[in-house]
Amino acid sequence: MIHYLSERLFRLLLTLLLVLSFAFIILRLSGDPALIIMSPDAPPEAIEAFRKSWGLDAPIWQQYVGYFLNLLQGNFGVSMKDGAPAMQMVLERVPATLAITVPALILQLLIGVPAGVYAALHHNSRLDRLLMGFAIAGHTCPSFVLALLLVLIFSVTLGWLPTGGYGTFEHALLPILTLSLSGAAVLARFTRSAMVEVMGQPYIRTALAKGLSWRQVVFQHALPNAAIPTVTLIGMMVGGLIAGAVVVETVFSWPGEGRLLVTAVASRDLSVVQAILLVVAACMVIANLIVDALYVILDPRLRTGNTRAKA
Amino acid sequence: MTQHTAHLPSQFARSRSNLGAFFKAWPPLVLVSIAWLITMLFIALLAHWLMPYGFSEIDLPARLQPPVLFGGTWTHVLGTDELGRDVLSRTFSAIQISLLIAFASTAISTLLGVLLGILAAHFRGWVENVVLVLIDFQASMPFMIIALAVLAFFGNSLTLFICLMGFYGWERAARIARSLTIAANEQGYAAAAHDLGASAGRVYGRHVLPNIASTIIVNITVTFPGVVLLESGLSFLGLGIQPPMASLGNMVGYGREYLQSAPWLLLTPSLVIVMTTFSISAVGDWLRDRLDPSAN
Amino acid sequence: MSFFPTQADAKEGHRLLQARSLVRHFKVRAQRTLLGGSATLTAVNDVSFDIHAGRTLGLVGESGCGKSTTARLTLGLTPVTSGDILFDGMAVTGRRNAQWRELRRHMQMVYQDPLGVLDKRLPVLNQVLEPLDIFAAGDRRERHEQACAMLSRVGLNQALWHRYPHELSGGQRQRVVLARALILRPRLLVCDEPISALDVSIQAQVINLLQDLQQEHRLGMLFISHDLKVVRQICDEVAVMYLGRIVEQGKPQDLFASPAHPYTQALVSAIPTVQRGRNHQRILLEGDPPNPINLPSGCAFHPRCPMATAACRELTPALQDLPGGRKVACLNSGTISLKS
């Protein structure tokens, strides 16, 4: 088990390294970083000083190492717009994004998993087809369309909720709902197919033959086994939430990471974009680690070190 | 004929009529989806000739007219936007652009993924490790974020955009191609073909590719809507297709201001996006069900 | 057609293949991680044999004793770690160069799982045609004729020629695999458990077919199986393998009637016999099952051998010749008298 987790950690750190290198490469490829990170109006001496401090006159591999050293020291450059340190700007917005993504994740699980399980247990019935129809619709509807639709219904027509802004629970409700519905649809479909596969296994039939009630079979045997592949999905869902937050925060004028990213890209505020990239990468690494740890807890085959048997 | 006393679940019941049998093999939903997709393809190819007006033809006196059944006239069937441009024509043009991008990107992504997957499976060793690391990298970050970073650093031209979208989803195709090829190479038909003395090109061209094709095609039906959604999302944010070109996403973006006053501006492109992605997903699901338990 | 070797090349008894001191190691991960150490799996450990035209050498042993690896080494499908293989004087290496490809025309393999090795998307006639296409033998019409003739020869009904592999039965598929293997008229055929996956009633038919084809084409065969009864029927000579070594070799009738090596004795005693009134003593082997990663010192069989002595733990016995063409690798073989 330690081997499994340490190998996963190693691979994730490698991925993080790659993301950072990717950021370095595209920064270099897109032009002179000094001119890009400092604004073009800056005095030539400042640009020269910047070049020196970032070692831009040194050979490329030295720059690469210097880049990482800078990152480790916490030097992420400054925002072009107002000169504030980029990472500080980014970290300030994290709570706002968490305020909608974490409830959305919980809501996704609460809606998607029961829907998928229910559909699986009533496999091929009208209800199953209906639920899956909704699931496909939710999955294929772009988040901005969904967001605007919800605004149209709940804000414009019914007037129950505000169209956007930040502050109260009412402001957060529509963003959370939008974020969660799409992910819930994917989760429902996936849970359904995982459950259908588990329910078709011989050990379920045996459990029923032994006299266990349907409820016992589902909760003690089917669900824990179906949970294993579903947990892998959670890692992808976190990614989906981060990507979804970009659009949702823009539509609802919610001042989180996503909105910051969009404005930074539009104004080509590269140090902010870079900082956000790193924060997102770190988030994904953490999320994947948690998923892997959950995996080990749920799947006894991994505890004894037999990763070959991974489903 | 004897009476059928047992009540069979619907999928096992025999169809009494030919029509029933037809609909069992081709569910109505799938038929509608295929019809929609063919219509979209038709529009995308012939948009130029189908458009009643130019897509950027401004007609200020006629601005913000509603569609024909909601108070408008037949001159502008789907209404006009804030500059008097015909929504129908702009929608056709947008369909053309969005589908072009989706087709090109899906093609690039699938080719790239299958190529890398087969290379990884054929050479194993360090080649495979490099490919696996790349797959991990691609799968670890949400593609929207990567795309935004690239757009921030490199700006936005149509070719760049298509190439960028071409990187969406290649890792799925690569994973599929790699695992199927390894299985074929280790114990299967590809190993036997190699042993007969066939060259690698022959083995992969004549044996492996036809065998993995059906799974790859199902994967294409997952990638294609993904690209459509991604591109329309980016265009909606103003970071994708730039004006004067119309894409389904940026039409929704511009229509956003008029959500209350002229909702048809964004409802039409939204509807097209949703119908198109829904259709492809429905067809993809149906294809997967057909291809999986069959004699393949 | 000059494409195919003439009959004169395949004289009965002519030595086709000579394998000497074959060794094959595999690197395996002790723990399947990036950080774990690796261990060496010894699949084949100093194996030598000859294969003659028109004769069959059998290789028997339990799973994991190295039979399949030996087969792959013989055909050059896997490179050797050390040792030589000569086919008609030509070296057989694992490197897939032009010479290797040329050798494919002379040596082919029949597999255990006929469904897995056939391309499920091609009709079986096309698959039998494939070797001819690869080597561009004659024109289209001639190749088609050859393939049809071959399929008839292996006894596949013409109605089935355009079917797909999954539409045929196991025995029919194996016939297709045989046809594909023999269409280039190879001189050496390696059969790796060709009938294990078939029903017992079909097994006999396929064995008979193999024997007929061998006689007709003067094929040298290496026949691998864990089924001793079949080996007894089809092989002219049998080699018993254990943990990558040949421990006994001889004519099947003699070997099974009076096995010399303790392992062979245990194997033979395990063959079920339906004979009333016959007292049958089964030899049960104790000790750990063989592990090719952790080879025992000295004689590989000593942990389970009922006759092991202290010397067996130190010295690795070599194959010694006994009267009657028998070879045994056992330190105690001198003290065992061959019961006639």
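Letters A, B and C mark the chains in the order given here, with residues in each chain numbered from 1 onward.
Here is the rule we use: a residue touches a chain if its C-beta (ideal position, glycine included) is under 8 Å from a C-beta of that chain, and two chains touch if they have at least 3 such contacts.
From a predicted model like this one, the values you see are computed outputs, not experimental measurements.
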| item | value |
| --- | --- |
| Of all other chains, the one whose Cα centre sits farthest from chain A | C |
| Contact-richer chain pair [B-C vs A-B] | A-B |
| Averaged-CA centre spacing for the pair chain C and chain A, given as whole angstrom | 54 |
| Between chain B and chain C, centroid-to-centroid distance (C-alpha), Å | 51 |
| Computed distance of Cα centres, chain B from chain A, in Å | 22 |
| Where chain A touches two or more other chains at once, by residue number | 11 |
| Chain B residues touching chain C - in the complex, by the definition given at the top | 187-189, 191-199, 202, 207, 210-211, 295-296 |
| Touching residues on chain C, where the partner in the complex is chain B | 75, 77, 96, 100-101, 104-105, 108-109, 111, 113, 116-121, 130-131, 134-135, 164, 166-167, 180 |
| Complex contacts: residues of chain B adjacent to chain A | 9-11, 133, 136-137, 140-146, 148-155, 225, 229, 232-233, 236-239, 249, 252, 256, 259-260, 263, 266, 270, 273-274, 277-278, 281-282, 285 |
| Touch list for chain A against partner chain B, complex | 11-12, 14-15, 18-19, 22-23, 26-27, 29-30, 124, 136-137, 139-145, 148-149, 151-152, 156, 239-240, 242-243, 246-247, 250-251, 261-262, 264-266, 268-270, 273-274, 276-277, 280-281, 284-285, 288 |
